[in-house]
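Heads up: the structure comes next, in structure tokens.
Should a chain be cited, it is by its letter among A, B, C and D, assigned in written order, with residues numbered from 1 in that chain.
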Amino acid sequence: MISFRCDYEDGACPEVMEALLRTNGETTPGYGEDAHCAAAARRIRERAACPQARVYFTMGGTPTNQMAIAHLLRPYEAALAADTGHINTHETGAVEATGHKVVTVPGVDGKVLPEDVRAACAVHTDHHMVRPALLYISQPTELGTLYSLEELEALRRVCDERGLMLYCDGARLASALAAAGNDVGMPDLARLCDAFYIGGTKCGALFGEALVFPKPELSRGFDFTRKQRGGLLAKGRLLGVQFEALLAPGVYERIGAHENALADRLRQGIAAAGYGFVSPTRTNQLFPVFPQALTERLEQDFAFHRWGEAGEGRLAVRLVTAWSTREEDVAAFLAALR
Amino acid sequence: MISFRCDYEDGACPEVMEALLRTNGETTPGYGEDAHCAAAARRIRERAACPQARVYFTMGGTPTNQMAIAHLLRPYEAALAADTGHINTHETGAVEATGHKVVTVPGVDGKVLPEDVRAACAVHTDHHMVRPALLYISQPTELGTLYSLEELEALRRVCDERGLMLYCDGARLASALAAAGNDVGMPDLARLCDAFYIGGTKCGALFGEALVFPKPELSRGFDFTRKQRGGLLAKGRLLGVQFEALLAPGVYERIGAHENALADRLRQGIAAAGYGFVSPTRTNQLFPVFPQALTERLEQDFAFHRWGEAGEGRLAVRLVTAWSTREEDVAAFLAALR
Amino acid sequence: MISFRCDYEDGACPEVMEALLRTNGETTPGYGEDAHCAAAARRIRERAACPQARVYFTMGGTPTNQMAIAHLLRPYEAALAADTGHINTHETGAVEATGHKVVTVPGVDGKVLPEDVRAACAVHTDHHMVRPALLYISQPTELGTLYSLEELEALRRVCDERGLMLYCDGARLASALAAAGNDVGMPDLARLCDAFYIGGTKCGALFGEALVFPKPELSRGFDFTRKQRGGLLAKGRLLGVQFEALLAPGVYERIGAHENALADRLRQGIAAAGYGFVSPTRTNQLFPVFPQALTERLEQDFAFHRWGEAGEGRLAVRLVTAWSTREEDVAAFLAALR
Amino acid sequence: MISFRCDYEDGACPEVMEALLRTNGETTPGYGEDAHCAAAARRIRERAACPQARVYFTMGGTPTNQMAIAHLLRPYEAALAADTGHINTHETGAVEATGHKVVTVPGVDGKVLPEDVRAACAVHTDHHMVRPALLYISQPTELGTLYSLEELEALRRVCDERGLMLYCDGARLASALAAAGNDVGMPDLARLCDAFYIGGTKCGALFGEALVFPKPELSRGFDFTRKQRGGLLAKGRLLGVQFEALLAPGVYERIGAHENALADRLRQGIAAAGYGFVSPTRTNQLFPVFPQALTERLEQDFAFHRWGEAGEGRLAVRLVTAWSTREEDVAAFLAALR
């Protein structure tokens, strides 16, 4: 069974595994107060061209979103998100569990539009309603699409206009950065966001995310937040070691490029076979629409998610490539499609 | 610098690291729905002689305590703990962050006495006060001491009497199980506790704990709790792989025995040198009392925690041995002591 | 300035005020453990034809919804509500503040449809999402409309089908019960709901609501919930005294009938003058659509809420009648309209 | 049965009841946005000699403490309180329900000592523990004692030293202000506290407290907090009307003086009869120690709380006088004592 189910079904990429093995015998202070975490944070500050940024390593997407949002908001403040946004749909109410409402706006291809942010703020007029105070986005989005730099700058402007913080979930940031036509770099995220995270789990690590606060004052007390919310790893250096390896020259880039190249090949093959897509993605997720019978036939040899009904007896499915996806996996899928 | 600071400053024990390496290339479903997790859970049910137990893998002591307690209590119910208990002192209010009060009882050498549980329950008489509904203990305790089987059974009786659940934090369970004179086995924990966890992080794993609910009905919905509280690992098999390795015949035993043997040697050497201890431990933590000047001298070559003032210009310190502590580390410390 | 802004801008109806005055000199136990609360609860059980019901008096709509929902749900469970539902729009995230997500369904005229409940449940398939476990409705709804008995029974059936509890917010229940054509009585609420509240604040009391649990087992521990959430009134008898007066034969009925009669007169006059309405209400709220200029002119002499844009330069506004609204108030408004 | 059980077993004092009756027919905006609330707030600012203070009316002691503390603290911060403090003992974990730990210090006669605050702060050294950020006190304390101005200023100094806010619960402030030898006035509270509340419920109102933020910036967003936590009264003017009446010249003073005078008479009579007290109070609470048999005999004709065992077969009990206590009630008690 070849799997395109998601990008966290394999172990770590070779560089990460090698680094974990190489450093296994070291003795270092716990809780991330070690030289590997310091070095990894340094790399991130350099890549983001943001020397003053504060970096905190965490252990997964949901807890990172939960901790960042709970840290940045006052108790009665809310996060805005696309209705398809991960915090709204697939985190078992983790944000609400910290007391905050998620207010949704209709996303277009998974992306938030400035006018919808304005409209959502406009109806929240007084203290009988929550106060929207943060806009959650992800790059790529839940539907695999990307914000252009122009779009991101427009969101920043509406955030400034309405007193919102901007937070970007970068669970699959490697794929976003390497995508054809992408013009949003890490320095742009650092310049435009109040916080964002660089995904490790879905980009070749065993686990781990790097939460970045470009404005140090917004990170004040995050040490406490991370511990209190259960997000502090005892052998914290494991996160530093992995991010040192992932962010060594060329590695994160190569992982993203590999995922995207194989996704492109899938995309082209599927399009050539005459099938359409739910959203126009350029990253490592694609959402083709297949007839029911074809879907069932493909499921005999390939693992993937059914995404939803697509009308006329068709199904939208999700295919995801990973650092570990092989060319022959793609070829086998396309062969089966024909 | 030789460190006795804690048991999570090194990597994983060889068996765990080897297993992670060996399985790195596998493709398995995420979130712990894989064969390694299933096999590890099976091993735990066997060791605990509790075939109906439900096992959930988690990523650290604080989140495990937080999730288990939040899961088991109704919103207005409280956990009882020794004043020295980890949830009361060193978890940044993680339990309270889920809305629950921690009610303390005076511990003796870190242990809770039945009569103190009764007294605490007796003052909580009505709905103007929280309702104590769970007793938190750890084995070994925060001060390195152990409950005997008789003591644990007495706590179970008082729990039954007062309508409390009994929860045991086993962060250092390997050391407890291997301690000289210990008569509390894993089957006893399964028989006497409503939930307990088997520590991985401090017992040779890279990270990970195994939360066990001997009564399946108490675990209902814990899948949701774990995800909502940020405790579900995407590449969940990593936890299964590690616990499979740790609980292979002889490994967990050997780690505990090794830690205890070196701790005993330290203990005997320190006693022979004429120093006393804060608590009478038999596990891998010891709390000797040293003069201030000696402490400062030792700190030049050894890392350890200062635990607190001990009167007359003396300091209590904490020394911890780990799976990776070497005989020569101990010998060096004892040599320095003389 | 004559006000149709809401039904809580005046004091209490004469019977309530008289009862408070008459009993002011009594000395009774605090916290609602007095004979007035007992008598009022008895009256509610009789009116609801539910001798086993448990009744708890509380101090306002938002805290009652918040406490009831937090009490009934496990931490990871969610409440379903119409997108226009009060808990979703006008309670400053009070439900989320207790950790629970509010999942919305598209309401029609403020009402929830069974098929939308089914659809919402269908997409919540596993522990990566919250678990919908309670359906929140109000009678009348936020848009002043009413569920028929048939509609309510259909909701109950879908709740049974999907394992949901049914909770009804009766902030304006007096108006609902007295509405023309209403066929849902208090015994129906008790028979079909897992909990509901009988509104006092908006139905002639100074303040106060009566939360009813027809199934006693669902109320277990609510004494604790109410105190912990800040909802227990020290001089609790004030609530009993008021509900005794409100639920004396004929009073609650008269208040509802009075409100509705004046609302009907407004409605007919506005329709006769050629204006339409946002929703087809029969209760004490109406939502006419006026031209902008007319709205502004009316605002010079009358207080009411602007509800939203209605297209073509028109505005929807909300008019509410109260126990204290006078015939001449209505006549003056209709005169001004012409 | 004559009751000394507490000061909230009767209705409102005549001035409050008269004001409620007199204003019952008025129509005013809801939620406290009315002229009575404005006038009452003005009176409070004048009495507190603090023209910039922000005043919020609330509905009871527990919710006021809960909302104030949740508003002032960041999620991982803790409140310090005497072990006997109301938030620690009699609020069903209301503070913890908002996510905050209550860290206790040993009180002396219910009062917090500066050195104990220092000691509690000293052990909270890093992000593995909560961060104490607010000191909760009450005036009078839970044991009826009073802070002198000197003591209060010393607490303020230690708060400044340790970065704590100072919050004072004034549930029985009328009695405190009127107590013999009291030198702490409302301007002192406004000068020394970051927030405090002026009790209404236990000082002659039907219900209601006035929460005062002497520094406006600390109140920012409290409108949202109050609504979100269920503490916003729809007919909010009821609170303004009551505080206008209570704080009219001489009323609050008279209530406090009356309570204290009758409490003094009780105290003297009990002392003259040869019985001692748990704490040396000068306010409307007293805690005499009686033999068990006497206690039981008194309970036949008088209602009061048993406070706890006092050794040698004796019981500490609590007697409380109220605005409504009569001289003959006291005389009857003292007669029964002999």
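To be clear about the criterion, a residue touches a chain if its C-beta (ideal position, glycine included) is under 8 Å from a C-beta of that chain, and two chains touch if they have at least 3 such contacts.
Worth saying up front: this structure is predicted, and the values here are computed from it rather than measured.
Colleague: Where are there more C-beta contacts: C-D or A-C?
Modeller: C-D
Colleague: Centre-to-centre on C-alpha atoms, which chain is most distant from subunit B?
Modeller: For subunit B, the chain whose C-alpha mean is farthest off is C.
Colleague: From the C-alpha centre of subunit B to that of subunit C, how far is it in Å?
Modeller: 50
Colleague: Indicate the whole-number Å distance between the mean C-alpha point of subunit C and the mean C-alpha point of subunit D.
Modeller: Comparing mean C-alpha positions, subunit D is 33 Å from subunit C.
Colleague: Give, as an integer number of Å, the spacing between the C-alpha centres of subunit C and subunit A.
Modeller: 42
Colleague: Show the residues in subunit D shared as contacts by 2 or more other chains, in ascending order.
Modeller: Residues 75-76, 91-93, 97-99, 127-128, 130, 224, 227-228 of subunit D touch two or more partner chains.
Colleague: Touch graph of the chains shown: is it line, ring, star, complete or other?
Modeller: Graph shape here is complete: every pair of chains touches.
Colleague: In the complex, go through subunit A and note every residue touching subunit C.
Modeller: On the subunit A side, the touching residues are 75-76, 78, 89-93, 96-102, 127-130.
Colleague: Write out the stretch or stretches of subunit B touching subunit A in their complex.
Modeller: Per the touch definition, subunit B meets subunit A at residues 3, 5-6, 8-12, 17, 20-21, 23-30, 59-63, 66-67, 91-94, 97, 201-202, 206-207, 224, 227-235, 238, 324.
Colleague: What residues of subunit B sit close enough to touch subunit C in their complex?
Modeller: Subunit B residues touching subunit C: 70-71, 74-76, 98-99, 126-128, 130-131, 221, 223-228.
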